[in-house]
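Here subunit A shows up in two complexes: once beside subunit B, once beside subunit C.
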Partner chain A sequence: MSALAWLLPAVPIATGVLLLTGRFTLGRRTDKAAPAIAVTAAFVALGLAIAAAVARPVVTFPLFGRLPAGLAVDGLSAALVLTVTSVSLAILVFSAGEFSPDESRTRFFGLMLVFTGAMLVTVTATDLVVLLMGWEVMGAMSYALIGFWWRDPRRVGSGDVSFITTRAGDLGLYFAAGAALAGTGSLDLGGLAAADGHWRNLIAAGVVLAALGKSAQLPFSFWLSRAMDGPSPVSALLHSATMVAAGAYLLLRLEPLLAATGWAATLVAWLGALTALLLGAVALAQRDVKQLLAASTCAQIGFMVLGAGAGSVAGGIAQLVAHAAVKSLLFLGAGAWLTALGTKDLTELHGAARRYRLVGVTFGVGMLALAGVPPLSLWATKDHVLSAALEVSPALYAVGLAAALLSAGYAARAIIAVTRPVDAATRVDTEQTGTRHVSLLERVPLPALAAGSAVLGIFALTPVYKAWKDLLGTGPEPSPGPAEMAVSGALALLVLAAAWTLMRHGRRVGAAWTAPALRWFYLERLAELLVARPVFALAKALARFDDRVIDGGVRATAATGQSAAALAGRGVEIRVDGLVNAVGRGARRLADLARRPQTGQVHTYYAQATVLFAVLIIIVLLVR
Partner chain B sequence: MMSENPADLLPELCVLGAAVIGLLIGAFLPRSRQWIVVALCASGLVAGLVAAVFAARRADLMTFGAFMLDPVTHVTRIVVLAATLLVVLLAIGPMRGHRRESEFYVLLLLAALGTITLGAASDLLVLMAAYLLASIPGYALAGFGKDAPGTEAALKYFLMGAFLGILMLTGITLLYGLGRGTSYQPLPAELGTAPGGAVMVGVVLLLAGLLFKAGAAPAHFWIPDVTEGAPPVVATFVTTVPKIGAFAALYRFATEALPPTTGDWPLLIAVIAAATMTLGNLAAFAQDNVRRLLAYSTVSQAGYLLVPIAMAGRTDLAEPALLFYLAAYAVTNIGAFAVVIAVGRDELTAYRALMRRSRFLALSLVICLLGLVGTPPTAVFVGKLLMFGAALDGDYTWLAVVAAVNTVASVFYYLRWIMPAFARDTEPVGPLDRTAQWTAYLAAAGSLVLGIGSGVALTIG
Partner chain C sequence: MLSLVIFLPLAVAVGLYAVPRLSDRVVAWSWIVACAVDFALVIAMWIGHGTGDGISYEANVRWIPSVRAGYHIGVDGLSLPLLALTSLLFLACAIYSLRQERQVRAFAALFLFLQTVSLGLFAALDLLLFFVFFDLSIVGMYFVIAGWGHGDRMRSALKFFLYTFLGSLVLLLGFIGLYLGAEPHTFDMVELTRTPPLAGSAGLGGLVLLAIGIGLAIKTPTVPFHTWLPPAHTDAPAAGSAILAGILLKMGTYGFIRIAMPMLPDAWRRYAWVIIIVGLISVLYGALVAFAQEDLKRLIAYTSVNHMGYIIVALGAAGAVGDQAARQLAVTGAVTQMVSHGLITGALFLLAGILYGRARTYDMGRFGGLAGGAPVFSGLVAVGAFASLGLPGFSGFIAEFQIFTGVIGSGGTAIVVVGALAILGILITAALFLRLLHRTVLGPPGELTAQVTDVHRSELGAVAPLLVLSVIIGVAPRFLLDVIEPFSAAVVSLVAR
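After this line comes the complex of A and B, so read on.
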């Protein structure tokens, strides 16, 4: 049974590692077979995930000698592993169609599989160490994937920014692990809430920091904007079921810990709500469809974080699952257009939905779901989270609702942009040369994901949601009444209609108003000013200190040594040198002497052996 | 514990059976199907190895009153059988299609059998018989090529062996007379009451034969000539395998047969050890023939190996030092010879730019040669460390210093061989022997694994 818990992450990771080693030992020959191998592995992983969701395997093993560690699939993990494996399967199928054969496909698919496998480790870990292993591998893979086109320095820079930002947050998790070990003597995730007093506060602080970094919540949101420089399938995976979802998952998993401290739950709830609101505004201002989607990811993850803070674990996980389907669908659609039309600018995408109808229809479904239009998925899941927020504080609810309305606004912008007929100002190939073609493999996953985005609206039904809560094994949570749901749905539709009319009349908001939102509220600049620059300045100061003071000492020592050596060289070295040479000469002479007895003639050997043994006998007789 | 159960000699019986059956069926098989004999001999060795590994887990036991089964025997068995197996692998390439292919392997097996018996014998007469069984197939092997250098080598080998064998037999006769018996069990008590000078004369004469097998001064004269003249595979064998039995026999004689009051033994052996390692290293300095270079290197290694023999009974480190060093030396020396066989040339200049011809072969050469120097993390390093430890623990600091100076000096001639291998210019390229190449990789890897896993190996031992 426990083998299943091992196999589930092992299959994608092992296949990925095999592909990567194959790439670096066999070269580009492997590129042809890589997509098929990767898709097969993802398929097997999905099968294993289904089996694991049914069988609920548990495996425990001692770590560092005595700490219990393990992998287990409980209700919460079951929902996550199913989401992760199915979304990654869909994305890998799409990538098999999108990536042209001259790309380094083996490297791409290998990294994607390891990325997925690491997420599976993260969501099935039962203790902080194993979770950290998955967490770290995931971070490293995201770095390699964002900088996948490494010949372009900007993309590599984006990888750096993402990696360093998330790593800065990750430190919190190490801190939390240390505090957990000190506070509870164990790293078991379930036992963290039971830590006493200040240890619990320290653990919660570390966990919150790490989760906010990974999930690109305020104030870390900017790295997600830079992460857009990776290939579209990477964005699709990174924004939906892995990476950013990991932070939300961690908070939802550790909701009892947050609730136990009191302050952490409130902080997390407010940060989530504010991220949803502010990044919603950012999304509304974007002109690039991938940037719009990135900001919307932050905003939507904000609802999950809000759910974790407000105690709505089932709602938060439902939001995570539904968002994974919606967001992967939207990124794949945007990616398909980018490949086909060579642009991701909203104004240049006019008519895109008409030219590629399947992409257009599925993209539309995803956007409507994002807008919170009933009866689609995010409408239902978001309302579950919001009703929990209402229980906590009406202000929180109000912020959340405003954020929800913003999401309807930017969804409307995107839908209108792509459905509008082509006009004279529309240009294609602004970023790369498009293929004017959406291949079959790129199209296949779209309807499936669109169906998922739509059907998950059944979370609105009370019996379904009750069954969901039973599956996850969460406690009682508030659910929205029919009135609340109707109101939010109606508001979403209203916003959509308003946006529609406004845009039809060509109303534009002044650039001065939208500039801060367009630039992601200058978060990256702020991080650079407040963190990067001071750190660099400190580093430079320390380097100067090192150069002048410490190095100076070392150099002075060296100079003293040198002058002493010069002194010695004049007086002593000639004699020492002579000695060394004499030793060498002596050794050589001895070596010649040593070969002398080897005459090659047996009679001399006999004579020598006899004499030498006689000498030995005399020695032992004399020594006595 | 005493026993007379033939099953206790299962590893030896496996080898003997393979040799006898191999000889019989080899006579009737056409030349194209002699590989059956090779397979038979190899499987006999493997079966013996397996049996020896299982036997190693049992308690100490004396069989037939003359064959001691203790850790020394177990290690001797395992190392001799494994080393012979590697030599069989090395021989596959050069001996394929040879007119007397099956005889070659049979002789190898018989010599290996004699070597094991040499290490396990706890009776002076059995020791003599083992000496003959280990030597005579070796003489035949040395002349196996039937060419002029091979014949000369075989004759020198035989004459030296015969002469020193007679000295040994004289020593045994003397000890028999003084000790009123040949079995090691009563010997210490009896020799303790005998006149000390006569006992030491007997011991020195006995040493003549064992030092001949060990390849140590002053019975080392045959080594350079045989190593250069005999076929390379035979050179590999006779510089590696008989040594193992000889050192085991020396250790056993020192700990079991000598009366504890014999104070001269450590000094005697220490002098021989110091002379051997110094002579071997000095003579290796200016060699341009790699086989002669390796020959002298084995002489110097024999010197290092004598250090734990000198310390036998003085410190608990002596036994692990000797046994581990033996295993390490065997695998490393075979690796170095395997490279020579793979390249197929004896001049030092033929190894220029070996790195360009085969990266892994050059790497194996480096691992084996640096291994012979005693560089971490190879196995010989651990062996040398234990050896130094034994010398210091046994209060023979001067011997440890001599060994250390010799080790440093030996770097010189090993580097003379390594450096050209990394030269950039390309030489005219000849074909490399594939099986020998793989044997070299195997031996180099074995040397590393044994070195890194030394902790494990030593706890099992």
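After this line comes the complex of A and C, so read on.
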């Protein structure tokens, strides 16, 4: 039984790693088989997920000392693993059709599988270490996938921005792990809410930071805009069931911890609501369909985060599942058009839905769901979250409702753009040369995802929602009444109609008003100016300091030693040596003097003896 | 058995000179075989040691009885991983050097000599024996840099020699202090650990710790004693850099755990905060200075300062007050980090050597887009970079996570702040390695990109096993932690005395 908990993430990860290893040992020959292998692995993973959702396997293993670590599939994880594996299968099938044979397919599919597997580790982990392992590997894979076309420095830079920004958030989890050890003596996720005293606050702070970074909530939202530089299937996966969803999942999983601290729940609820509102505005201002979808992801994830803060775990997870279906569908649609028509500019996509009907219809379904039109999925799930927000505070509810109306607004923009007939100003191939063709494999997943996006509206039905709550094992949560749901549905339709009328009449809002929203409120620029550049300047300054002052000090010490030696050599040594020499010279001179009498001639010796004798006599006479 | 492991390489080195007129190929292959046999013997010792506490394969022979110094060797949970790392990394260098052309016999003999010295140091249980190996390692590495280096190699080698030799003299002073402080006077580490010298005199204990601390801090190196490291690495041959970073730096941190902590527990606890602060500065300063480097080898050298800093922080925290289990976690993380850094940085330096071999420069700005012409090389660099920035799935994460969790988890307010600041180090290293990848491996081709051809078989054979082992430790670390954990539990209780 426990083998299932291992196999579920292991199958995609091992297959992915094998593909990547094959790419670097066997070369590009593997590219032909890679899509089939990857789709098979994803299919097996889906099967394993279904089995795991039924069997609920649990496995624990020792990792660090006596700290338990483990993988388990409970109700919450079951919902997630099913979502992750099915969305990933759909996206890999699409990719098999989209990626042309001359691309480095093995690398792509290998990375996508590891990416999926890492998300599966994250959502089944029972403790902070294993969770963090999946969490960070997922970040690294998204780096490699965003920068997939690595020859383009802009795309590589986007990968850099994404990884650094999300890792800045990840530091929170490292910190939370330490605080958890101090506060609970364990890293178990279930025990965090019971941590004592200020440790609980520190854990919550770390967790919230990590989740906000990963889920691209304010103020980290900008990285998701840059993440659009990756291939469309990457965006589809990254924005739906993995990566950004992980942050929301973590907050929903640790909702008891947030609630226990009090402040964390309030903070998270408000940040989620504000992100939903502000990034909704950003989405409304975009001219590029992928950027619109990216901003809308931040906004929709905002509802999940709001759900975690307001105590609506079942609502938040429902929103997560529904959004995964909707957003993967929309990105695949946008990706299909980008491949076929070579553009993702909203004004150049006129007529796209008419040219490729299936893509158009499914894209339309996804957009209507995003708009919150009844009886589609996001209409129901969002209202569950909003009713929980209403319980917390009316102001929170008002912000959330406004955000929901904005989503109807940007959805309307996108629908109108792609359905309006081609006009004289419409150009294709603004980004790349289109293939003018949507392949069968690209089309296959779209109806399935569209069906999911629509059918999940059954969350609106009370018995279904109750069964859902039982499945997740969450406590009592407020549910919206029929009146609330009717009003929100009507409002969404009203906004759609208003937008339709406005756009039909060609009304445009002044560029000056939309500029900040178009540029994502300059968040990336701010992060660069306030953090990235100062840190790099500090690094440069410290490097100079290291060369000049610290190493300079060492060099100066060495130089001092050398000059001391020189001084000793010239000053002291010469004097000492001179003294020695002087003694020597004196001795030699004396010796010279002493040699002089030694002539070898007898008469001089007589003379010397006579003189010496005389001197002796004089001395004797004097002394006596 | 242990003596055989230690002296086998030296015997082979002598053998290489005893047999006249050996061809370079025979020399290279006998070098590899010697290293492989040595590595196999260490693995056998690992299996024989098991996961118990205490010393195995102990040998104690009279050496200089007048000062009670003996040839006392043995292995425990600290030395085994380092012996394994040493023999593996020397094996990797031997394989890497298959393409070496200049003075192969002398090069091989010198490396075999260095291997004996390093293995001996990690097995030594006598301070004088330790010191002899410590000094000989400096001599050996001096000749490696001066003889086979490039650039301003004489100057770098001299700087390395004088600086670290000065450190070893200060260290000797500290050892003599320990000797004199022990009653009866002895250099035997086991006895000194059993009854810590200078237990009664705080002032003298502090001075001896200062001497030992400075001596080891120069070798480790920590800020501000690190400036010999970048030039030594830049001008050393690739295999020399790998050994210098992978093995020789560990001698410093090894000394802290083996000598300073258990023999001067009072002083270690009293000055724990000095050690923690020095470690923290090394972490942040090393990472930031590395961030600004243009030269690939200097960059990796400064990340070594950062990585060694984590170890110092963890060891310092083990001396501060706090939860026992958490401090054990930190020490286990520190020992894991020693192994992990040896593997990863060893691999990165060998990769840097490949780049230099092709293009004769380490200037990252002159490359770019290497992934096109050299995909396997680029893949290895990317894997090495992510391993070094502490990505889960590699050994670095296992080490650093334990250090952070242990340090923060030990509980004091100030230490939580230190832990939080130390965590920032992994963000800066992430930024600097992505910058490295962005500038050399990815993006449009640079001026020298065309010259860089992909790795040869021998180069792949040297680098890949190191990274694979890092992955194995990253995914299934228990085989390593099972050996380290009894030791770290012992050392934490020794410090707490």
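As a convention for this text, the second predicted complex is superposed on the first by the 553 of 624 C-alpha atoms of A that agree within 3 Å, B and C clash if a C-alpha of one lies under 4 Å from a C-alpha of the other, contacts with A are read in each partner's own complex, and residues count from 1 in each chain.
The rule is short, and it goes like this: a contact is a pair of C-beta atoms (placed from the backbone, for glycine too) under 8 Å apart; a residue touches a chain by one contact, two chains touch by 3 or more.
Because the structure is a prediction, the values reported are computed rather than measured.
**Student:** On subunit A, which partner's contacts cover more residues, subunit B's or subunit C's?
**Tutor:** The partner making contact with more of subunit A's residues is C.
**Student:** Contacts for A:Ile617 in the overlay, against subunit B (first) and subunit C (second): which applies, first, second, both or neither?
**Tutor:** In the superposed model, A:Ile617 contacts subunit B only, not subunit C.
**Student:** So, does A:Arg588 touch the first partner subunit B, the second partner subunit C, both, or neither?
**Tutor:** Once the two structures are laid over each other on A, A:Arg588 reaches subunit B alone.
**Student:** Looking at the overlay, what does A:Gln608 touch: subunit B (first), subunit C (second), both, or neither?
**Tutor:** first
**Student:** Taking the superposition on A as described, I'd like to know which of subunit B and subunit C A:Phe536 touches: first, second, both or neither.
**Tutor:** The second partner, subunit C, only.
**Student:** Does subunit B (first) or subunit C (second) touch A:Tyr522, or do both, or does neither?
**Tutor:** It touches nothing on subunit B or subunit C.
**Student:** Is A:Trp263 in contact with subunit B, with subunit C, with both, or with neither (first, second, both, neither)?
**Tutor:** Touch partners of A:Trp263: none, neither subunit B nor subunit C.
**Student:** Sort out for me which residues of subunit B touch subunit A in the complex.
**Tutor:** It comes out as residues 155-156, 159-160, 163-164, 167, 196-197, 200-201, 203-205, 207-208, 217-219, 221-222, 224-225, 264, 267-268, 271-272, 278-279, 282-283, 285-286, 409.
**Student:** Over in the complex, which subunit A residues touch subunit C? Could you list them?
**Tutor:** Residue list for subunit A touching subunit C: 24-25, 62-67, 129, 132-137, 140, 143, 147, 150-153, 156-157, 159-160, 163-164, 167-168, 171, 174-175, 177-182, 185, 187, 202, 535-536, 538-540, 542-543, 546, 550-551, 553-554, 558.
**Student:** Taking the touch rule as given, give the residues of subunit A at its contact with subunit B in the complex, in rising order.
**Tutor:** Against subunit B, the touching part of subunit A is residues 587-588, 590-595, 597-598, 600, 602, 605-606, 608-609, 612-613, 616-617, 619-621, 623-624.
**Student:** Please give the residue numbers of subunit C that touch subunit A in the complex, ascending.
**Tutor:** 159, 162-163, 223-224, 226-228, 285, 288-289, 291-293, 323, 325-326, 328-329, 332, 369, 371-372, 375-376, 379, 386, 391-393, 397, 401-402, 404-411, 416, 419-420, 423-424, 426-428, 430-431, 434-435, 437-438, 441-444, 477-478, 481, 485
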